[in-house]
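Next come two complexes built around subunit A: one with subunit B, the other with subunit C.
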Partner chain A sequence: MTAFVNPYKKIKDLHPKEAISPGTGLCAGCGGLEGLRLAMKELGENVLICNAAGCFTLLSVYPFTPLKSSWLYTTMGAPVPAAQGVRDALDIRMAHKGLSNDENLLVMAVAGDGSSNDIGLGATSAALHRKLDFIYFCYDNEAYGNTGFQLSAASPLGSATQTAPTTKVHPAGAESFKQDLFEIWKAQEPTYIATVSPREPVDLSNKFAKAKTLQGPRMFICMSPCPTGWGYDPKESNLIAKLAVDTGIFPIKEYFEGKVVHTKPPKKRLPVEQFLERQKRFRHLFEPERRDDIIALIQQHVDEYWRRYE
Partner chain B sequence: MFRIRMHGRGGQGIKTASQILGSAAFNSGFQAQDFPLYSAERRGAPIVAFTRISEDAILERGPIVVPDLLLIGDETLLESPQAAPLCGSDESTVIFINSEKKPEELQKHYSLSKLPLQWNLTELCIQYLNHGMLLSTALAATGARLIGTISLQALLKAVESELGAQGIPKKALEKNHELAQTIFLDLPSTTFPARQPADLQANSLIVMEQKGIRDASPLIFATGNMALRKTGDWRIQRPEIDYSHCNKCLICYARCPDGAIRVNADDHPEIDYDHCKGCMICAQECPGHFINTVREAGAES
Partner chain C sequence: MTTDERIMLTGNKAAAWGARMAQVEYVPAFPITPQTEIVETLAKWFAEGTMKGKYTNMDSEHSMFMAAGAGAATGVRVFTASSSQGILHGMESLYTLTGWRVPLVIVNVSRALATPITLEPDHNDVMSTRDCGLIQLHAETCQEVFDFILLGYHIAENPNVCLPVLVNMDGFYLSFTREPVLIPSQEAIANFLTAFKPAQPVFQASQPMARASAVFGGATYSYFKMQHNLAAYHAEKVFNESAQKFSEQFGRTYEPAEKFHMDDAEFVFVMSNSFATKGKAAVLQLRRQGIKAGLLKLRLFRPFPSAFIAEALSGHKNVAIIDQNLSPGMGGITYPEIVASLYSHPNRPKRILSVIGGLGGKDIRESDFMSIINHFKDPESPSPLYLFDDVDMASFQKIQNIANPKEEPSSS
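== the complex of A and B ==
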């Protein structure tokens, strides 16, 4: 296979056409919407989005839709089964029912981290096993944001959520490390997996441009800073996304042809507390007294990850 | 019974304000009820919160249609047909507006049928909390002061219990106490016109009938029509590009989550104020700081 050449070098190169119109009811400063907007600029209009219940339920509110593409709404566990059904229907109609190939659509599942890590993971695993030809976009704000920020398997250790608040018995809040969805998916060897961040729009666009040229399951995890749930001023969304990358907490990488490559490795990793201290969900690690033990645990986890690659 | 309705936007602390006011009334020996009302939209979108205060048991439920006191935390809502904060107010309703404009000016500007009460809570919030739109304490203190039967001590206790429950740091709590005290002591009192008690009207029962599947599953055939909904009135602050310095790097355009910044014919970024929600990411991210932050009510439109 010939090597894929990244089409974009700088922000000015980004695809000029918007595929999502403004006016959605999503929060001001939503990091996930920023990721999806950049992704859809690249994927274009001939897409059918199977959208799991979640924050992005608010994308389309009857009788309005911000999308230039098609949209099918599903339950929280079923965006991938829906994608399978749509893919099969398109294939069968093109093969036997005279549907013109020009009318083929790119099938895309859009789901939050709750759907991706918990409720819908079984169905996703089955689709990866069948090598379903689709794109999966997980907007990861590390909790069930739409219902008021409850714990999901993607909630990081030390974060306070509605269902895992910080208490005397559970001072850390969430007590498990974030589930490594990338590695779970990787075990089933899909065609392509990438983590992206709205902070790196060029990297994000290049990865979607690349995925567009491929067949089979193409999986994305998009870091989605959430002003409402994480507790910071919306204007800092990109700053938070940057710190997640610079501290090494959110590695930007891709998996392709059996190899994992970090496309935006942090040059010099910052201490994790620079990411943590700006967010209300981690405030209990700093006030009323500093919990150096928990912060050290988070730092150690990040260090261990990077030791494998640095 | 005393019925208070508060209007603001998601993220301004309106729900908390109704809780503080309810607790303050409770601490003063009253019975109280408080609850918010908002739709699926959130931060920046209009929200309403209610507090009922009474010496006797409160049997009334549901939203307050005709309020005795209307506390409007965000002046821009007065022009929003969706929020319609004045809805249901009558000649006995006392209207309070957080604004830097004088009451006469407000009455003229928004064609109000009567003179509102006014105080610049935002400025006080900036002064005490270093953030102009954290109105929870300020609006509750305003309500407590205007109602007149709630003691300062009961108010301060309520601020502590309600904000304490949200895990606010001690220093911030002290600042909120100072803010509550300042408003409570400085704001002029008011008198409430007597209101004729009206009987509650029951609506006739609506019988729901089963519809066919076609009617029940919504289909949208248009694409991208969400732009018909204007989210520009969510803004508390407005970003303004300083074109004399803008070097067309387009970072603001790439960073806008809503795609509310477009690139115009001469490659300059241009903000779509009909839809900009005022998250201010662009102002924060502009490398040369050439995007100014202007408070919305005072911005030139």
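== the complex of A and C ==
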């Protein structure tokens, strides 16, 4: 067992320095950007982000970049192979070409849930198999957000997306449960996996601080409330993020040295409908008539998850 | 190697030796027939320490090309190889890394594309990379494969180019054919190709940068594409300069295209890669029969050396452009490029015939070259001419009858 002492107890303890400047092209209230902002404060400036096509591609639009660190736009399916190429090249230069260790970079892949769960999953799995030394940051807004909110494997059952709309024949919208990316990754035993929420900044910062001390694949899923896709007022992002945690829909946890630990378990889980009813993507579960059957299915799925741990 | 040595090598081994003698530092790889012997050889050399750096087994060509480009953007000399379906699978990455403007060398061992799936060569795979903005060199012999890899790094790493170079050879016909290859000493090679000094900033902590950022507005996109286009055009001049330097160091001279018995030729075959060897044999045979034949072998295909090719073909009466590729509904892919190059030349050939042959490894026989000559003699003969005769039809029908024995063979 490796001892790691969390450096932060309260929000005031967090690093004051910003590594991402404000004023990007991302939507107001983007939960994912808040997550990345907190992560980058922890990871510092000697980072290279390999970016997959998605919302966050809009972070660096020529001639601007909000980052103090480096950026490489790749493709939707291959930010991780690009990270492999950079990692290998830096290792070769440090081993054989006299590159000083001070010139080393922390290599990071930043991808949305569509890239992470669908088009890029094979390449990520291969990198986990190779034990690539990198950090993976998945901003999970539960659909293909940048293209206008279409169904991804991360879209939860009961949510309406542009490509799984709610109709009389298909009242739920999305009819499959959200793919469990955490468990998929865990099967390959990476060094570290964590789920984080921008609403839990101390927990998030402690996890990135811990990941920074480790080697190998370090994987993050950041719950990313999405005002435009989920359909709520941008000022409510924090509330939505909080409800996702408090209802138990989004478990905050980490996997390390073979064990899964819930770092922010909800004390008393709120009913899922408190999270659902505030978002346009679930409106069809409440009007024109309540779909208690679908709401119950979602609640049951959450209850079954927590029964394994509570 | 400390002294020049002549050794027997397959095309694939010659490619591996090219990467080794260019002191390549990084090889991300993925196997595909008929290329696999290249990466197997390199894997062994890295594993035993003969080559310094890293060999990484990747999970697909899409991933492999992405890792290759990212490695080059981080300042190491990169080599990789692929073929056929692998090129198609990696196509998105190929476009991405040419846009990154990174220098590296890729070997493609040509193999026909599915469907139907097959193993033998034609050029539809390499032609699919025609428009992605890399430099293409087509090799006929094992020596050319080796030389073009050295030449390739010289061109790719030129500050005015900064683009990947793809060296093409034919699968099976060259990849598995052993020929004597002269391997110069490392010392002699060092006089031609120095250690990789990236012309552009590379990723490291002291030089943070955003690379390949998104652009909005057609003007910005167009600017970057025009710059890429200028670099690709400029690569012809760089090819000639690099080839001159190569010639001075090693004594082998490479023009953008090779002229074979062209001076007085009345019938010219335009070909590329290893089937050009068959074309050259046919030229000699035809000349023994009193027919003034010649051959122009395409070597530099991107950038397309239009002026050189137009000059070489002008003044010759009959030109047959033999494409070992097919764009269904249009014909051969190099044909319109050569015709366009000749269009404004007053002394352009009277007849320019498009010929499609060698698809999926189908042999181009001496009789095929004779039938091309006969085709020219008939002013009504259609173009393109497909090299598929009664013998080919009979051989197909023999197999078709096994697949569907009830059906009566139709007459050809």
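Keep this in mind: the second predicted complex is superposed on the first by the 308 of 310 C-alpha atoms of A that agree within 3 Å, B and C clash if a C-alpha of one lies under 4 Å from a C-alpha of the other, contacts with A are read in each partner's own complex, and residues count from 1 in each chain.
What we mean here is this: contacts are C-beta pairs under 8 Å (C-beta built on N, C-alpha and C of every residue); 3 or more make two chains touch, one makes a residue touch a chain.
Everything numeric in this text was worked out from a predicted model, so none of it was measured.
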- [ ] Check whether A:Gly23 is in contact with subunit B, with subunit C, with both or with neither, and answer first, second, both or neither.
- [x] first
Task: Contacts of A:Gln150 with subunit B and subunit C, given as first, second, both or neither - done: neither
Open item on the list: Per the contact definition in the header, classify A:Tyr62: touching subunit B only (first), subunit C only (second), both, or neither.
Closed with: both
- [ ] Using the superposition on chain A described above, determine whether A:Arg130 touches subunit B (first), subunit C (second), both, or neither.
- [x] second
Open item on the list: In the overlaid three-chain picture, which partner chain does A:Thr263 touch, first (subunit B) or second (subunit C), both, or neither?
Closed with: neither
Open item on the list: With both complexes overlaid on chain A, does A:Asn6 touch subunit B (first), subunit C (second), both or neither?
Closed with: neither
Open item on the list: For A:Thr163 in the superposed arrangement: first (subunit B), second (subunit C), both or neither?
Closed with: neither
TODO: Name the contact category of A:Gln188: first (subunit B only), second (subunit C only), both, or neither.
DONE: neither
Open item on the list: Based on the A-chain superposition described above, do subunit B and subunit C contact any of the same residues on subunit A, and if so which?
Closed with: 45, 57-58, 60-65, 67-69, 71
Task: Residues of subunit C touching subunit A in the complex - done: 25-26, 28, 52-54, 56-60, 62-64, 66-76, 92-93, 96, 100, 203-206, 208-216, 220
TODO: Over in the complex, which subunit A residues touch subunit C? Could you list them?
DONE: 45-46, 48, 50, 57-58, 60-65, 67-75, 77-78, 80-86, 88-93, 96-97, 99, 102-105, 122-123, 125-126, 130
Open item on the list: Help me check something: in the complex, which residues belonging to subunit B touch subunit A?
Closed with: 10-11, 39-45, 167, 169-170, 218, 220, 222-231, 234, 249-251, 253-260, 262-263, 272, 275-281, 283-285
- [ ] Using the touch definition up top, name the residues of subunit A that touch subunit B in the complex.
- [x] 11-12, 14, 16, 18, 20-31, 33-34, 37-38, 45, 57-58, 60-69, 71, 166, 198, 201, 227-228, 233-239, 283-284, 287-288
